[in-house]
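The following blocks contain the structures, represented as structure tokens.
Next, two complexes with chain A in common: one pairs it with chain B, the other with chain C.
== the complex of A and B ==
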């Protein structure tokens, strides 16, 4: 197999603790499927067979060690919280066509329109943006930085501009955390234990490294006396030397009149050995379920992807209830009469009693909702019980919580006290 | 009705023109045997301009004369040309302020430099400009026309490298910077706060120096009296965008030709492009200037011949050759990529490649010329070889049997002379090889600032050199490259001023005046002025006598200078802090020249006696903790210790007196 898929599933979901404190993030139900099903499905769709390595370590160096043990090919790293309908070949094609060191997937950031439980007011717009610089084709990744690191302004070397005289700087892009990485990068990671994050450290490093000369770095680091530095330099070199092309490829490029740029006469890629590419999705769906807002949005959108019947055959739905076509009902559910469900997902073996009105909500597994409840824009986690006649608007009810009858809650996060202690 | 006005303004041209072509105006220099001003006017007329104002200061009468004879002043001309002259037009700013005062324009106008050669169709840009003006009244004040030409393109020269950051959608310019001397390009963060999520940073653009301006531009120049150039204007507007709310947009053209003949490199490029027909329909055989006898024939391989050309037996015009009328070429010559003017005589066995030969030039037998410019009335005697990038200015006579090294400039006119001096005396001795200046010699003193554009060819090698050096950048090592920031330029200027002061015996008061004006011109702080002054003076003998002079020679040269310029120093060194800065700067200079440490004492002594430095200052400096080993070493110098001791004793004795 050309690429070994590596699924990173160790994330704790630290940005949506209310949901994940007793359900591991990969198992959160999205459209009545566990979150991890989506990346696995993505891989399966394009024909990845056999085992995918589901890694539950959170340090890239440890991960890379394991990866090294199980495979000898280039790797495709996918985060477990990615839901996308991207044509995966676009990313892999870039990787193959340019013999790239790294190719990655990005998409336009989505504006979340739904109201998020427990969130006071609109989220401030002035979030820290990522600046992504691509060349004129929009494929080659030239620059990457977060606004937070750019207080002094954006600085570019003129030599880069000379090679890529027209650079598009894009903001408002979402990194899908899907990377194709060369084998040599895995080896590099094994040796560089200091790298703790692919997104935060490895990718920016590779992007920068594209434009530094291997020879120079060698000469300059020879003089440094510190052991640490030498070691680093050694591994840097290894990274570069392992990405040296085979002789045949070299020959093919020399003989070919193909070039990746216009305007000057230098060789393809300007002789650079390290190349990073990015595929930016212009349309289609791409979510990273790492915040509550994204989770809710994903739940709303995902049902459209399936061709399954919205109501599971094993679910018992009263004929006198009203279930909108934009809702899905999981297996062994019981929906009693005079109940209306609109734009909502109801998970496995949940029980919904009479005269309940559910709109815009996510009901996870094993939830019991007593008679006469009105639930709007809320997330009800596993095994929660909502008391009779409760009125819940824009609330998040944690796992196993009980809401007393006739309660009226608006815009609240209701979780157990034990969980609060944990935070 | 379109009342578009154009400004050809001609005083800001570069030094090289002033040095070499002292006898003519830049706008009148022949480019492919047609005056440059005609190209510009032809371009303007073809874009539909109906009225053109030509502003000139330098040699105004000659330009006027030329225009009166040209087709532009005929009654049938679709473009009415007015010539406005004044000695006060020293910069674009002066011209536009005058436009505002005289209220010459009331609607959008086109601003063009007098040396633009172009065939760009600006109608689309005009339309866009108008649309923007209609949508948002008085917000967009200027649309700059830029041409896409990636680095390495022929029409780019290092001088004109610009980096532009723009909004991806609205084409609004957010950041504009000349990138010539920069290794790193810096973009302030606030330009990315415009609400757009897509920006473009472009290094592949060439400013054609054609801009569509609204009448506000002239007003803005009046309001901001410190704007001198278009660069000032654009930078000023962008910086103050939030306050003034004015925006600048740009229009990128992909085809079409537009370049400004701002220096010799561009002269070379544009000439060859014209002959190779890139500026079609402006081609040599079109005779667009409609001058009698200028018509020529165009044959294969872009060989153009005007009337009355005679070609000797066995001579070959290989390709891209333009030969002016009544020129005689001897036998067995090889000519390629060359322009020859009218009434020239060229001998036998002459090889010309990329030569630009103007009118009435005599070239004797067996001469070889490569990539050089030869001005009017030059005589090149036999067996002379001109290597690349030579310039022979008016009336020069060279030879026989001389090989001129690369980059030689020969002129009858001393380059350091004041412009307004009379040239006649230099014209008299026609038959001498005039002042001969070797670029490499000159480099040590003035660097390249004197002659930006002397290099005809910003050769790819220099490009690749910088590439290599840039490779080491992420390691933080900056190679000492000829980066010319303001401080450096200022230092050169101060040096020039002092040199002139010495040569012409200018009084110290006037020197101070000149240095002060330079200070404002380059925006240098007072502290830097003093430090640079010290540095320049201390290094003066090296420049005059060469870097290898002995310490004794050095001090014997320097001390009289110090004495002479003591009032200048006193003007800048006043407070105790000034003294410390001054001493620190001195230390810096001497640290660079270890062999001359012995002279430091003499300098200090002399400065002390001239009452520029006081003993407290010197003592304070000496006792100050030195940071580096070397400066500590300097302080342990025998002579210096003695001097300090002497100072201490003098101090004590003076205290004893009281």
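== the complex of A and C ==
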């Protein structure tokens, strides 16, 4: 088997707790499908047949990894909140062709244009930026750091500059959290429990390790690493992979007249065994639904891509209602007369009574909206009830909440009191 | 001989001759006639099978033996050379100029065959001669008989029937079809032209199940040029096959010797979609298939796999590693102190020779000639300079300026063809031509496993077209050829190989020794007899 897929369904959605305190993040509806449907669909379209999902306890950190199996093949790690139409073979081809240790996907960040409920003031740009350094071809990953980890400034090692004198540093990139990892890395993770996050720790570690001296000179006294034991374990695993097979590969590479760089006297890949590659998507759609803004944006864009009928056949829509062409209505809904639904998503089993105006909003499953409401730019979570005559502008109504009739709320987040206690 | 034969070319005369013979020789000839008819029937059946089946290489070898200067030798009846005249006459070769030559060859073959018939009629070696004699008159009137020698698919791209056949075959094997890209120059429209931006893995499932992952990886490396060079490609191919054999398990009710060969066919189709197979790869595949089919059926699977792995290892060891040692030994004799050696592009073998010579304390300097768009000479330059050899680097356009300084030219080869032509990177024939004009000796270094039974006299018939976008270059921020596809009258041609005639090559250094170019068919025949 070439690759096994690992779907990370563990994240708690720490950046959108208002949405996820009652619903696990993988089950949040996007375009009337659970969020986890999208990465599963991507994997299935490409040809994966058996999948492994990993669900761990609710850890409010960045995506954690708990691999309970020792894999016998290379793995493809996908996060459950990834919605993309990337041609997956681009990422995997880099992994295959260069025999890479890590191959990942990144995409240009799109600005979110929709107003986010509950947002006070302008969005703070530049928070937690990622600095990604690639070589001239744009494929080889040379440097990766998050702004939060850099205290004084960006520090580049001389060994990197000597090997790759031309490096492009990009900041406007979104990490799609899709990684192809070699089997030896998985073994390394299993033996080193101190590494808890792929994105936060493992990937920068691997990127740095490409240029560390210990790999090339087989000398285990490198002291710039965090953990001597960690590095030893990795080092041992590197040795495991060199075998007689490698001798033939080495012969083939020697006889081949190809080099990935020119200008210096070293052979291809500078003789390094650890290589990290990245595929940066220029066009196409790639969203990570881990913030409220992203969630809203995804709901806006995603339904257009699938050929489903906008109004589900089991929904009951009365004739005197007006459902815009860019809205979608989920199954078993009841839309009463004289309602107007524009640019909105209405989830499963929701009931919309008469004379309701819904614009630019996301109504999740099981919601009841009484007569005469006016909902604009809002997100109404599962099983909420909006009393009659309420006027909600740019609000977020949490799961199971009730809004009293004739309420007028603008730019508020309405959640239960029990949620407020959670840290 | 109790009658003489006046050979006349026309068909009617031939028939007349036969009638005359029949009248003269009476009983003996009727026996001959019977045998002749039997042979004809066999030939018909065989030709019908040929339409669908056997490897084209065999036919080309026979075709070669017709066209080769050493005709009498190859026409001896003992071999399968007999069907040659039939195939030669009936094949629809794309080069029209070959037709008159072939019919002359036919005529000579006819004449010889008839003479052989007479001589052999008493000795009983009737098979070959009669086949040709009987099929000769049959063939000439029916030149359009569907007894067509099969041309390989990869040089028939402009024939829609061949394309359809290929598509069907690939569909059956579940290998994705790679579509051609861009406008092709008309002289080369019979060859495939692919783009690197459409990799062959677009339609392959991830993870690859139909095609073994190491083969997918290999195909990608071929198409992206990461593994380039005849030796490297063969070694990588054999390595991938080793992994395939490792992961192979015989299904129930099947024999390893037959099933494994069938398993390899879709892989080979996939690889040739990624990049057309080289001659060395073709020979390696033939060897593997032979080894697999020679596994005795009572051999256990583990034992068989182990044996195959060993075969592959020994093949690489003998044909590539030891061969290059032997060639360097011979070549070093030819390098004297004070030499100025010219090399072209990056040939792993030539680089090895030069490095060895340098280690043996020969004093020489090297001139590396390079050409666009591959610019492989840079890699050769890097390896030689790293060793410590004094090098000069020029582009091929400066060749005639630099040649007066040169004392020898060492060239590598992609394949050596049966008529003595050297197939190598495009530009090699130019180097050989100009070197000849300056009276500089040209030595070609080539291992024997790259010897190929094909025959080619020009670079058009069978070649490889690389991605035309490689020719586009960006200087000062401007890419002039960016929209070359919109200009209807413009075509970009990126040839990979060319053939050098044997008149320009002074010596071929192989692991069997130093031979002249024209001895290649002898080596091939010796190899075939060995096997």
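Definition applied: the second predicted complex is superposed on the first by the 368 of 423 C-alpha atoms of A that agree within 3 Å, B and C clash if a C-alpha of one lies under 4 Å from a C-alpha of the other, contacts with A are read in each partner's own complex, and residues count from 1 in each chain.
We adopt the following convention: a residue touches a chain if its C-beta (ideal position, glycine included) is under 8 Å from a C-beta of that chain, and two chains touch if they have at least 3 such contacts.
Bear in mind the structure is a predicted one, so any value in this text is a computation, not a measurement.
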First (chain B), second (chain C), both or neither touched by A:322: neither
Partner chain(s) touched by A:301 [first = chain B, second = chain C, both, neither]: neither
Chain B versus chain C as contact partner of A:195, first or second or both or neither: neither
Which superposed partner A:156 touches (first chain B, second chain C, both, neither): first
Which superposed partner A:2 touches (first chain B, second chain C, both, neither): second
Partner chain in contact with A:285 - chain B first, chain C second, else both or neither: neither
Which superposed partner A:252 touches (first chain B, second chain C, both, neither): second
Touching partner for A:165 - first (chain B), second (chain C), both, neither: first
First (chain B), second (chain C), both or neither touched by A:265: both
Interface residues of chain A shared between complexes with chain B and chain C: 262, 265
Chain A residues touching chain B - in the complex, by the definition given at the top: 131, 133, 147, 150-159, 161-162, 165-172, 208, 211-213, 215-217, 220-221, 262-265
Contact footprint of chain C on chain A as seen in their complex: 1-4, 46-48, 73, 76, 87-89, 92-93, 96-99, 245, 248-249, 251-259, 262, 265
Residue ranges of chain B touching chain A (in the complex, touch as defined): 150-153, 163, 165, 168, 179, 182-189, 192, 197-204, 463, 466-468, 470-475, 477
List of chain C residues in touch with chain A within their complex: 199, 201-202, 204-209, 213, 216-217, 220-221, 224-229, 231-233, 235-236, 238-239, 242-243, 316, 321, 345-346, 348, 376, 378-380, 382, 385-386
